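Inspection log for the structure reproduced underneath, given as structure tokens.
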Amino acid sequence: MSYLFHTDEDRREMLKSIGAESIDEIINDQVPEAVRLKRPLNLPPACNELALTAEMTRLAARNASADSHVCFLGGGAYDHFIPAAVDEIASRGEYYTSYTPYQAEVSQGNLQVMFEYETLVTQLTGLGVSNASLYDGGSAATEAVLMALSMQRGRNKVITTDVVHPQYRDILVAYLKNIDAELVVVPSDENGHSKPMIDAIDDKTACVLIQHPNFVGQLESVSEIAAAAKEAGALTIQVFDPVSLGRLKRPGDMGVDIAIAEGQSLGNPLAYGGPYLGIMACRDELVRRLPGRIAGQTTDRRGKRCWVLTLQTREQHIRREKATSNICSNQTLLALRATVHLSLLGPEGLKETADHCIAKTAYAKEVIAKSERFEVVGEGPSLKEFVVRDLGADVAGLLAHAREQGLLAGIDMTPMCVGGSEASEPAVALPSRYEQCFLVAVTEKRSRVEIDRWANVLCEAPSMATV
Amino acid sequence: MSYLFHTDEDRREMLKSIGAESIDEIINDQVPEAVRLKRPLNLPPACNELALTAEMTRLAARNASADSHVCFLGGGAYDHFIPAAVDEIASRGEYYTSYTPYQAEVSQGNLQVMFEYETLVTQLTGLGVSNASLYDGGSAATEAVLMALSMQRGRNKVITTDVVHPQYRDILVAYLKNIDAELVVVPSDENGHSKPMIDAIDDKTACVLIQHPNFVGQLESVSEIAAAAKEAGALTIQVFDPVSLGRLKRPGDMGVDIAIAEGQSLGNPLAYGGPYLGIMACRDELVRRLPGRIAGQTTDRRGKRCWVLTLQTREQHIRREKATSNICSNQTLLALRATVHLSLLGPEGLKETADHCIAKTAYAKEVIAKSERFEVVGEGPSLKEFVVRDLGADVAGLLAHAREQGLLAGIDMTPMCVGGSEASEPAVALPSRYEQCFLVAVTEKRSRVEIDRWANVLCEAPSMATV
Amino acid sequence: QSTQLLFELSRAGRRAHRLGDLDVPSVNVDDLFTAESLAETPPPLPELAEGDVVRHFVCLSTLNMSVDTHFYPLGSCTMKYNPKRNERIASLPGFLNVHPLQHESGLQGLLELLYELQGMFAEISGLPGVSMQPAAGAHGELAALLVAAAYFREQGSDRSVVLTADSAHGTNPASAQMAGFKTKTVKSNANGLVDLEDLKAKLDDKTAVFMLTNPNTLGLFDSQIEEINQLVHDAGALIYLDGANMNAILGITRPGDFGADLMHYNPHKTFSGPHGGGGPGAGPICVRDFLAKYLPGPIVTRVENENATSDDDRYTYHLTSPSGDSIGRVRSFFGNTGVLVRAYIYLRTYGGDGLRHVSEDAVLGANYLLSKVKHFLDVPHGNRCMHEFVASASRLKKEKHLSAMDIAKRILDYGFHAPTVYFPLVVDEAVMVEPTETESKQTLDAFVEALFRITEEGEELIHDAPHSTRISRPDDVTAARRPVLKWTDAAGESAT
Amino acid sequence: QSTQLLFELSRAGRRAHRLGDLDVPSVNVDDLFTAESLAETPPPLPELAEGDVVRHFVCLSTLNMSVDTHFYPLGSCTMKYNPKRNERIASLPGFLNVHPLQHESGLQGLLELLYELQGMFAEISGLPGVSMQPAAGAHGELAALLVAAAYFREQGSDRSVVLTADSAHGTNPASAQMAGFKTKTVKSNANGLVDLEDLKAKLDDKTAVFMLTNPNTLGLFDSQIEEINQLVHDAGALIYLDGANMNAILGITRPGDFGADLMHYNPHKTFSGPHGGGGPGAGPICVRDFLAKYLPGPIVTRVENENATSDDDRYTYHLTSPSGDSIGRVRSFFGNTGVLVRAYIYLRTYGGDGLRHVSEDAVLGANYLLSKVKHFLDVPHGNRCMHEFVASASRLKKEKHLSAMDIAKRILDYGFHAPTVYFPLVVDEAVMVEPTETESKQTLDAFVEALFRITEEGEELIHDAPHSTRISRPDDVTAARRPVLKWTDAAGESAT
């Protein structure tokens, strides 16, 4: 049977040592008759590797992918290039079939990678300390808010804006529902900037949560908002894009207290949304409230430098209900990928990637704006993402048309706006100004030929309305 | 620059230690001015990983493959299933970036694999000894002939037949042209059997070379031929199909002296013909004439069992012009794949694979024979390969039609027949009875749905001639 | 093999990755962006050549023990063989390179898989409502507790207490706390099972959920399960099953059949998703039908097509976004799809019968080890177990100063990963062994032999163990007291 | 980590791979085939579970040193970094799963690549005729010598002697012998270069080919190359260049420009194809135009399409099968395509300028090592070298009983693969070091430091080296005298 080892003879010998007649006897001894399942599980029949590979290959081929289509989708997950060396390393069994480094002596590989990852994240963010990863960017944002709330007893207000990733806000709403906290979502201004949130900060505010560049691709006045928060005694949490830091100022250099990011962009495949990598860094002083595992440096009994899991008194397996979070597993394998990716890029590679994104995005904005049907929404430069309004008011049809032409041309924002199907409550909606708009991401992978084709297909799409 | 390490500062420091002003100075010191290249090499410009990956992906997509098409091609290379574990293991850097085990202490991995491979080949063939691999089945067949010639001083005749793989015979012709040897290619009988060769064996015959199952998928009377050869003092060399040994008698059990095979079927991808794996085993007595590397067991200075390259006095780096062959590198990585593959299959898996090939081939013969246009050529059962005659006499058009329907439906045998474009001389031609025939291989991978579609597409193909 | 850090290998000016010239007009970034936005220099990342990067990480990997290289009987973690076909199939571009915000029209293959998987999870658990969004077991616990909270909120109930067993994983109380509940601990009895009297005493009209691990962390199936079921539900509370130990009971008994109202799976344990050095995992949850509407989303639904022409378009699959009664989301996008795809492949490989054999052989292996180990190590909770058991080094500690930690360290020298030690807390000097079904009898015998030899070895040899690893007994105390959590130039110089 | 053999892990009845039920009618094999054909049982292969197979081979791999894990300065083997992009791209199904007997209409992408590669090989060598069929360097030598033989045959010449240098790779004389030539050896002079007087003495009207390695195996470019060129060609013979050392001269000088008429490449060395533990390699050959018609085939040709509508169909590519004057085939099918694809990717990655930098840095690295090593090891042939150099332990052997072999064994303990030793034969106690261009100065410094320390270490320590490897100094003599070339039950029992 597939991966099982025991032959009938093995089983007989083992039962003899146990002193049981059968495996059933052992099980029936413990599992009361009344709760035993009296029938086989109703699952599809066992399938061998050849047949299953063939079937799954057909199934996979039925999905549009960033390989079969040209991908201009973003919204928190991006089609960046992943060097082959990243896959080669992450596919080593010693990494992907090992577990949490409970025995440091036989886990120095993973522990050193964690330590290197943490260091890279601090270099990237300009903040003092990083954990070894969280589940994803979205849940990391909420963990950061919970961290801020737990530091700021007596303050229970969390301020964010309607241009922070809607799904990230959705998580926040779910997590905060049963605890003593108030979420305030401040409307952005007509350019999609969050500066108006400054006025909402008060002495009950535990933290402000911003995204920069934000969900609609706009740059925020991070330093200004962080300064206002600081003055009011609140912490500033920034959601950042790792690739943007090839060019943009680092969170730590703008007064941010806790920086979080979706680390997918750093060498991790799109994978229909997961597994992803939650990056979190904070100022040194906040370390004892930082959720998740942390690797630290120490020496062994012979004085050799080595690495261990440390500060475990924050964690659930020691502190149980008094832990800073319930997080147990982390995303080591994805953190490894990010570590390898950043090692290959280095400072100049990261900068070059950002520069290519900027130039290609600028080019895409330029070519799409040539059509009378489309309007780029929001002023100012873009890192790799921007919003386009369909003056033909048929975004759904437009994108469907593009899909047929092999293009994943953008993300329809209409369902995310107030009253849209994905905006389950006002706190998670986008401003209504983004109705009949779509969000476009242009990474360094997109060639001029692809961008031109994208613009052509969109411009020549049939429209329901008349422009 | 791509994979280079040295920074300008490194280079300066290194030059200082060397006592040279520049690298050019070092080079010009040795390479006379007159022979230096005074211009840059005229190659395409350097290309980065992203762009090259994109370009090569497009190039690869322009090839029909056993993934994009359903493959019924054989003729010495087969679309057998390769379990994922084979790829996983062979893609470990410790295997594929190491080299010949010159230092046994740091090559025990490769050496043990070679020893295991050799053992598996002896188990598979029923012969006493195996080398650690040769280039491919075709060149291995010629190496076996050379081996036989070198053992049989005074005998210079090599007898084979016109149903041995034409390309294998082509190699033989090329290698024998400058040495004292006579190649006799005996015509097969009308059923494609090689028995008539028995009459050609005489006291000048060094060896007979047969293939079983042969190129046209027929079983040969191996024991009978080997017995006749033995009586005349000649050696018998058999080209075998590893998968067939799940069911067929082993070469060693039929009186064969040297068995060779193309090992591609054992876990190695089609790869447009290479790298492949030349398998060679022989009777114990012939070991000192066996070409190629051999790993053997010994003990180290502490008495531990271990493995080394051995019997190196046969090899070119010791014996130079007196070596048994000039072969230096072998195909360790492909031998590793075969070793893993056979370990996963075991005796029952190999038998089951052969059984599936047999049943699916029988089914394919049955369904194609239903059409009046086609006739299965040759009597008797087939392992996985058989010949179909197109009574419409338009094999080229037929197969082109099938390709358009996504089928690699068979191999056109016409060009291989006497006078055909691939039959450069009579010694390498197929008998003319195979004109307007095609060779079909059906492995365990082919599903009933695929076989039915194959038959339908062929039967419904337009025909130039009228049946 | 160097164990230098990346940062120490760095040399200014080296470069591995490079993009070529732009094929679009270049822009002057300094003009385009405000000075306020731009950094003066990119982050001070290390500068390396590709060959260095590869060798560095390949060599580091060899310092890990892993399932691919070693027997890894880490109790409670189900370190079973991770099938290579899972990795290959999950890496097909149609699964791996799919964007999470693609339109569902281009995702029918994947959604079909996920829909089928939801059904399999429901069948194995006996609980029909399934959400696959949570990213890990603990995340599933939290999500399920948020579901319970939403349920009670709609009921107008003020139940605010979660009961957890003293033998429970630490995540149980931590998750309850995060979900806004107060927690109380229920004791274990002398047999290692739930102390029913203590449970009765703590159950009241404030009790929202009793979190149960069954089989529990001692590897014992609680034979009182029917009574527990009765007590908790009579008190108006829900039962949550921590599914960490599902590998013991696949096809044998179902949480939904023995009283659980909510549960999570750990597909990276039970369904062979690799552990990834600590993650990623996944934490799909299953609930009874009356709780299904509160589940986090999206989940996959399907509609039959009346005009279908082939098997491929018989159904159209949809994502149902959280709305209405749903608690919303617990992470971005769908979930840890890659881990789920592997679980699906695993389940398809075994089928229903095969899955029961998995648990049978897991139970067989654990009981076999137990039958051997009990001759030289105390096993406080009986002669039989399910898929794992907990021995105690408490006597050895008294008699020979040989602690659970010492055993764990010394067994590394024999080429085995250590069992889990000091958990569960209810056993003194706990040594928790879970062999899984994917180890041979030969390996189990060699492990027993090694364990036995350790109990006979000299104290000093063991206290200094491990001897064969690159490092031995790192100083955890200093690590925590004077944390060095990142490399800096100075740290690099001081310690090598 | 067990080092048991597969056969010792086997247990009757275990099984990893399984096909399902047949979807076609099953046949009774015993009826279908004659009893004469059928074996009574399948071959006695080992019986294993998938988990065992994987762990076995993963663990075995870690007993190898490799480029991915260690500096591997094995002279003459060019153990450079093997780029991971090569592996990824070569594994695309459109390259990897292509059948060798497919019709060329479905191979235009691959044939375009191979056509371009032929051109690159011609450009780098300065020799316009290219065949990529040979499977390895030695195979290329043989193929080229068969080409030369065919040429002389057509000329009606009876030239039957091949001259090889005494410093040549052993494959040179062995290939000549296989091709039906007699061989004579040309001596090296005191500078390690071709002894021109000896060459003159041996060149006559029977000489067919002079096989030259340049740079030679001492790492020296023969500065007399113009004279050699003159002498050999004046004698009516051809010059064959052994291309093993091409890594030294890419873009610097071309064999065709310094007199070679035929040559082979080792793409697995020069163009970064991995060495695969001993293979596969490839051995494409290049020849002057008048020799091109004798090349083994098939080779790729192209025809311009007049009606092309896009870049993709601008040309149609064809395979030209051997015929007419061609020597025929030297192996089945096209050649070692997988290795060639990797070479193509490598060449595209560097481009022409980049390729020259490869050789420059390879030469720089070797000279840097030489400049350090010569202070404590004799380097008989000068202060400068090309991409490698040969030191001699001869003095150390006399003074300290420290042989080249001892150095090779001891350096393993320092975490470096050993240099090539005892080759070339013209240097006593030769230690042949080739760093390649893909190692950092830090690594080179550490290697020099280790070498130096070894020359200072105690005799005993070194004679028992290596100490850190699983085995040390295997008994080669017994291995050859009483060969054990396969596992048998008995052998398994006697030695563990």
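Lettered A, B, C and D in written order, each chain numbered from 1.
Following the convention adopted for this analysis, contacts are C-beta pairs under 8 Å (C-beta built on N, C-alpha and C of every residue); 3 or more make two chains touch, one makes a residue touch a chain.
In UniProt terms, the chains line up like this: A, B = Probable glycine dehydrogenase (decarboxylating) subunit 1.
Since this is a predicted model, take the numbers as computed values, not measurements.
Looking at A-D and B-D side by side, the one with more C-beta contacts is B-D. Between the CA-based centres of subunit A and subunit D the separation comes to 46 Å, rounded to the whole angstrom. Measuring from the averaged C-alpha position of subunit A to that of subunit C gives a distance of 19 Å. Centroid to centroid, with C-alpha atoms defining each point, subunit C and subunit D lie 47 Å apart.
Listed for subunit D are residues 11, 14, 17-19, 49-52, 54, 58, 62, 67-70, 81, 83-85, 87-89, 438-440, each touching two or more other chains.
Along subunit A, residues 2-5, 10, 47-50, 53, 57, 67, 83-85, 88, 91-94, 444, 447 each make contact with two or more other chains.
Chain contacts in this assembly form a complete graph, since each chain touches every other chain.
Of all residues in subunit A, only 2-5, 7-10, 47-51, 83-85, 87-88, 93-94 touch subunit D in the complex they form.
Interface residues of subunit C, counted against subunit D in their complex, comprise 1-2, 9, 11, 49-52, 54-55, 58-59, 62, 67-70, 81, 83-84, 415, 438-440, 442. Residues 49-50, 53-54, 57, 67, 81, 83-84, 88, 91-93, 444-445, 447 of subunit A touch subunit B in their complex.
Interface residues of subunit D facing subunit A in the complex, by the touch rule stated above, are 11-14, 17-20, 49-52, 54, 58, 83-85, 87-89.
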